[in-house]
Amino acid sequence: MPSTLVIHGPNLNMLGQRERRIYGLTTLTELNAALSAAALGLNWEIEIMQSNSEGEIVTAIQDALGSHDCIIINPGAYTHYSIAIRDAIAACGVPTIEVHLTNIYQREEFRHKSVVAPVSVGQVSGFGPYGYIMALNAANQLLGATANTQS
Amino acid sequence: MPSTLVIHGPNLNMLGQRERRIYGLTTLTELNAALSAAALGLNWEIEIMQSNSEGEIVTAIQDALGSHDCIIINPGAYTHYSIAIRDAIAACGVPTIEVHLTNIYQREEFRHKSVVAPVSVGQVSGFGPYGYIMALNAANQLLGATANTQS
Amino acid sequence: MPSTLVIHGPNLNMLGQRERRIYGLTTLTELNAALSAAALGLNWEIEIMQSNSEGEIVTAIQDALGSHDCIIINPGAYTHYSIAIRDAIAACGVPTIEVHLTNIYQREEFRHKSVVAPVSVGQVSGFGPYGYIMALNAANQLLGATANTQS
Amino acid sequence: MPSTLVIHGPNLNMLGQRERRIYGLTTLTELNAALSAAALGLNWEIEIMQSNSEGEIVTAIQDALGSHDCIIINPGAYTHYSIAIRDAIAACGVPTIEVHLTNIYQREEFRHKSVVAPVSVGQVSGFGPYGYIMALNAANQLLGATANTQS
Amino acid sequence: MPSTLVIHGPNLNMLGQRERRIYGLTTLTELNAALSAAALGLNWEIEIMQSNSEGEIVTAIQDALGSHDCIIINPGAYTHYSIAIRDAIAACGVPTIEVHLTNIYQREEFRHKSVVAPVSVGQVSGFGPYGYIMALNAANQLLGATANTQS
Amino acid sequence: MPSTLVIHGPNLNMLGQRERRIYGLTTLTELNAALSAAALGLNWEIEIMQSNSEGEIVTAIQDALGSHDCIIINPGAYTHYSIAIRDAIAACGVPTIEVHLTNIYQREEFRHKSVVAPVSVGQVSGFGPYGYIMALNAANQLLGATANTQS
Amino acid sequence: MPSTLVIHGPNLNMLGQRERRIYGLTTLTELNAALSAAALGLNWEIEIMQSNSEGEIVTAIQDALGSHDCIIINPGAYTHYSIAIRDAIAACGVPTIEVHLTNIYQREEFRHKSVVAPVSVGQVSGFGPYGYIMALNAANQLLGATANTQS
Amino acid sequence: MPSTLVIHGPNLNMLGQRERRIYGLTTLTELNAALSAAALGLNWEIEIMQSNSEGEIVTAIQDALGSHDCIIINPGAYTHYSIAIRDAIAACGVPTIEVHLTNIYQREEFRHKSVVAPVSVGQVSGFGPYGYIMALNAANQLLGATANTQS
Amino acid sequence: MPSTLVIHGPNLNMLGQRERRIYGLTTLTELNAALSAAALGLNWEIEIMQSNSEGEIVTAIQDALGSHDCIIINPGAYTHYSIAIRDAIAACGVPTIEVHLTNIYQREEFRHKSVVAPVSVGQVSGFGPYGYIMALNAANQLLGATANTQS
Amino acid sequence: MPSTLVIHGPNLNMLGQRERRIYGLTTLTELNAALSAAALGLNWEIEIMQSNSEGEIVTAIQDALGSHDCIIINPGAYTHYSIAIRDAIAACGVPTIEVHLTNIYQREEFRHKSVVAPVSVGQVSGFGPYGYIMALNAANQLLGATANTQS
Amino acid sequence: MPSTLVIHGPNLNMLGQRERRIYGLTTLTELNAALSAAALGLNWEIEIMQSNSEGEIVTAIQDALGSHDCIIINPGAYTHYSIAIRDAIAACGVPTIEVHLTNIYQREEFRHKSVVAPVSVGQVSGFGPYGYIMALNAANQLLGATANTQS
Amino acid sequence: MPSTLVIHGPNLNMLGQRERRIYGLTTLTELNAALSAAALGLNWEIEIMQSNSEGEIVTAIQDALGSHDCIIINPGAYTHYSIAIRDAIAACGVPTIEVHLTNIYQREEFRHKSVVAPVSVGQVSGFGPYGYIMALNAANQLLGATANTQS
């Protein structure tokens, strides 16, 4: 039974409470519930964390090595400058999918650049909470594909 | 029954024939077959076109107004400079999802910039042919969500 | 009796149908009617075309050599990157006036740059459909002025 | 009876006397006479000033509020850096049309940028003294259009 | 009785101990005492914290929502790159005033840019410890003004 | 009895009359009255001027040498390019505080740069008319501090 | 008997008719005749096309796969921005030689950059029509060399 | 008897009074006296002005046409941004020599750029007050040389 | 007996486990053992820490003041953006030597810039684990040199 | 009998000995032999030199004036920064053809810029040693063309 | 017995004679003596040269091939622009260590960039003359390590 | 009797022979004769050299220490990139005056930057051969001034 780690970066705990015009009405709790249900449907184990701390996120990524088959990460603001998170993803080697709730290419110039993207498998941006489900489906597809390749 | 237009930009007709290390082994015919099957499964109508011509793509996008509920586009090389395609998407107003087979953020610097992204609903990048299925699912979700909002 | 070619670039066929807050309510048909009437008033022949295709526009410009005394062009999105259109204007040598419906300097940064301006006689920007009439008047004045100079 | 203020910026008093290869043979006196005649023909009041002083131009623009329906301005060299003139146009709120004798996009790189353009209605560039007549016609059209809109 | 949260960013605990030529002789304890006295004088509650950790600062800002009427923040080095802190300020929505002990525009080029400024009410820079008092006074004025507006 | 010169740069005479959404409802006369009252309360002499002319502002700054203990300046648009004003501040040597009504870091990119800041004591930005009072208080504090240092 | 495809990009059909000071007196017909003669001399088959359309050029390049041993291309204005043509060259995999009539490094800054060069075997620039003959000779040499390598 | 106009730009009236470490001890009066003496020795008429106003300097340059054979100008801060002064020099056509007291290339980056230099005969920078004498000698030499060329 | 603090930044705990082609086979434990042995040989006390948290590293640097004579730091990813770490080094004033396992100038462009270098004594880059020994030797030499200078 | 000078820049003496994957197997001696043979076949005199010294290359170019009809130069690394070599080519006025063994546009960014190209007749890049033969043929063609033009 | 070539670039012969505040008091003769002693201690042969000529340094590097096991180079000013020296290091293939007396990252912006670093094994910067000893030790370590790897 | 070294950089030996439209008709021999005469008139010893080699110029500058009181240098093309020459001027410490025959600010962009200017006393640009005389006069004035200062 495959397993994924889902990481919500800084300020995502505020989801659905403020700036709803940008981020929508869904709370993080609701999002996580929907995501867990989807994981169940796909027969995946899922572990979800949220942290405002760059260092904690780095450590969580490192710890995924050996315990998870995939990382789904929304690095929030760290997307744009945390080379430490980038290096952690590269160092742990677990396939990682980058998710953004909003279409980051419609927002401020500095949000167009992701330092994490070059070490991720792929990126899903602009589909709101559903983007996490898309990422999970992609992980499922990816693992199947990898399995096929290896067999 | 909702309908989507799928647009494959320049050189995507070469898919699976050359540069397989970058773009994979799947041919465009195979990709389209899988995509049509998925549409059928979701009860969507689907129209698929490929063109090497920027002007033809612009016209196809304009024609989607009134005949399609969604556009799924992989603008290929035009992603990076075709303001004409960008303007067509904005002008026709049909919700558009941008797909890239490869993770464009792992490739040459000039491929990191999409002039189409700011007028798209969202972007899916790096998941190979499966990215089109993800876009279709997102379109389905989006239309449901919109319907809910409007009712 | 002098003659002008009027070229409407990509997406201008959508005029008055969508994005009216930016481009206004006048349709391209209405704009062309007003322009033809103005040409009649000035005793000018007028030929009008619209194309979404960069190549077609290039060819139309080349064909103006020997058949028209002036080109009035709104290159739309191609304004900002079509060096092919720029080269065509320089190559055919017919005096060319650049028109933009909107004030391009009030819009996105990338619309501030016209690669066509340096090979045009002049530029009219921000006066809506009336800008074409201004360009026609300028062409009329220009030809008179040139005639005076040559006599 | 509508009224316009025409502002000639620095060094335009030298018109027709030097650098004729760039700016032409017409003197400022001749240009102003032609412009006054055109205003008479359109039944407009016209006030014309020239100044080398940025501060005087700022004050003149401020004073147009309440006394003129339109400003036609050729800010000369100040076009490229006078944010004070830009702010004055925005502050007084009188519709302003920017005119340049030469095609500024054919000249030095630093002349391609107008800090005034983003707060102007539109820009006319490259038609010599006739550009002022074009601007006056545009003002006339604009006022009519606005009147129509408001009625 | 209104309440403010004061956040001292990284290395501000070293104040008055080292680099006195740049940051002056006052220690953080002395600064906080003066600030508390000023708050008392204005009849404000005040909570003061210092942290070297970006994540802790993000969390503190989030927690201000519902418990404080204003945040006064000197983000120290994080001023220049912490989009996470910027996003926290925008997410919590509590009016925030940015303070810098030194005039950051007299220092290294990289200190001239504040990523926090665009989401703050205003910025006070260069007045040493007294800048915090100025910020507190401004908060007091601001709340009064807001109150007036709302009544 | 200490004395300050207050300089309002170009277009600040329009305050409260236009663009109220950006600059607020207070007129310059009202602002000056409040500022004079505050000076009286602090036992300061105050001289206030407004000018649209860069040269006049330069001269006023020079004249402050020997007659004022502090300059409070809102250079308006000149903030962003007047090296002449910068040099005047450096040349006269009177401590200068820079004030901006709006938070210039929330506005157009070109307003983020102050050429005056590096020669000022400090900067207050975003607090509306109250920012001048803050500057006056800072001047008072500064003079006291300087006096203490010198004694 | 080896075969080459020669592609003339936009506006090259105007060769020898206008802008002779830049591009010389030779017409495209004369150039093609000389090139065909040279091909005959080297015992090469040759197919020559000219198009103003980016899409047509992309398709022509794709079609060279399996029918030609070499492509000689002068992409004209498309040299500087057509990533679609670049991708077509990379996708079809036929060795491609880039030719420019003029020395593009002596002309406008924007002509110094070729997006096609990094996927071409080599570039010949500045030798007028003779540059095509040089490219043909190089293709001949290259094929010989490749043959030698393979045998 | 040839004649020169000497223009001292903004803040040069402060010479010798403040910032002596940068600009030296000589006052403007002393500098002018030395310069007048040198002019006398060379049998030149000399007119000297100082202004803080860009507009006044522009007008003074225009007025030199017909009354002076040479302009020696130290544009002070305007060196770096006054395109109006640049245009005045180009418009009046009187040979102009640019002088700077300090070596502007040893100072802040923004002082390295002179917008006036491209329209001046030459530049003398870094020799203090003696630089004006050098400029006068150069003017004398230049006029002799020009006379020789013309005879 | 002199003492050094050795700080390993984020992801260095993964050393020798992953990305061995870039970082080599030595684990952090082995590296630390070799470093401790070298310290013993030089008669230095040594304290070694690793952290993924920027804030913890900042605090550790501050704490070195008074307890260590030298800091040897490999800031990992933080090298390229942590101004907080830079400021901590400057604030604590303990001589600091920067070490990188790899030659950062052979890697991605963004790794070429160290914000820490300008406040360090020196930098050792590209020598693998041995670089730490070099840094320790340099610290030893430095302290000797400083001692000599002070005596 | 026409004559050419062939200049091989720095490190070209290492040709065929090292970095064969980039520069190929041919040694400079072999290349020169092939080139001499080709010259003989075209009835040209040829002089060949190699130098690692920028100054020697400058002098050699200067000496070509009066003794050679053409220069064929591969400036090696100096291509990218030696303005001295550029100026020598412009100063001596002998038609110069620039050759590069590799396609410099496929290599590091800094190799894409040739400071020599703007003063050369043309450039041949990417054809290995055969590029020199192409240059010689072009020189032969050029001289014939020039002769024709002059007769 | 392994052998190293030590290359001192331009102006290093002035060491200890001038600019002692930047480069210290040690003369090149003293530095070389210390370095030779260290080499003796490690049982290495050492050859030391100094040259102001880029070409001579290029040639010396080339000559190291076959005669030295390592190059220790301080390229002085050439560090920042000599692509010729960079290419020589890459061409000869002898492992090269780059040394700088000063911490180049604390000096002028243009000294932060080393064009030599990407082809060197590693860089030592900021440790004064001792940096050469560090480089020698690293070479010794490197050779041992390489030997181990190869056996 | 004071002494100056005059250094002519690369290609200045071609003076008066070629590119006369840019550099004038005077040969280097004539220029040197006039300069020697001027030195005689001022009672200065003078030594003049010309070299195309950067290394020779560096050495010449170093050798001026102890034998000359001033260096007058026209670094030619090396002006724009030779940090080695810059460092030599800084290292030898002899006051250096930079001369350019042409006004380098009227020429190509890359000639506007002098890396030598920041270490020179001053710069004279645009006065042709007479610029050297101006520099000599300045040196004479400078030495007198320095003498006065020291006495």
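So that you can tell them apart, the chains are marked A, B, C, D, E, F, G, H, I, J, K and L in the order they are listed, and the count of residues begins at 1 in each.
Going forward, a contact is a pair of C-beta atoms (placed from the backbone, for glycine too) under 8 Å apart; a residue touches a chain by one contact, two chains touch by 3 or more.
Note that the coordinates shown come from a computational prediction; the quantities given were computed from them, not determined experimentally.
For D-H, the equivalent interface within H-L, C-D or F-H is the one where over half of the contact pairs agree by residue number, namely F-H.
Subunit F and subunit G have Cα centroids separated by 64 Å. Averaged C-alpha coordinates put the centre of subunit J at 32 Å from the centre of subunit L. Annotation: 23 Å between the Cα-based centres of subunit G and subunit J. Subunit A and subunit D have Cα centroids lying 55 Å from one another. Residues of subunit J in contact with at least two other chains: 53-56, 81. Under the contact rule defined at the top, the touching pairs of chains are A-B, A-E, A-I, B-C, B-G, C-D, C-G, D-F, D-H, E-F, E-I, F-H, G-J, H-L, I-K, J-K, J-L, K-L. Here subunit B touches subunit C in the complex through residues 53-56, 58-59, 62, 65, 81-84, 86-88, 90-93, 115, going by the rule given at the top. Within the complex formed with subunit L, the residues of subunit H that make contact are 103, 105-106, 112-114, 117-118, 120-127, 130-131, 134, 137-138, 141-142, 145.
Interface residues of subunit I, counted against subunit A in their complex, comprise 9-11, 13-14, 18-19, 51-56, 76-78, 80-81, 110.
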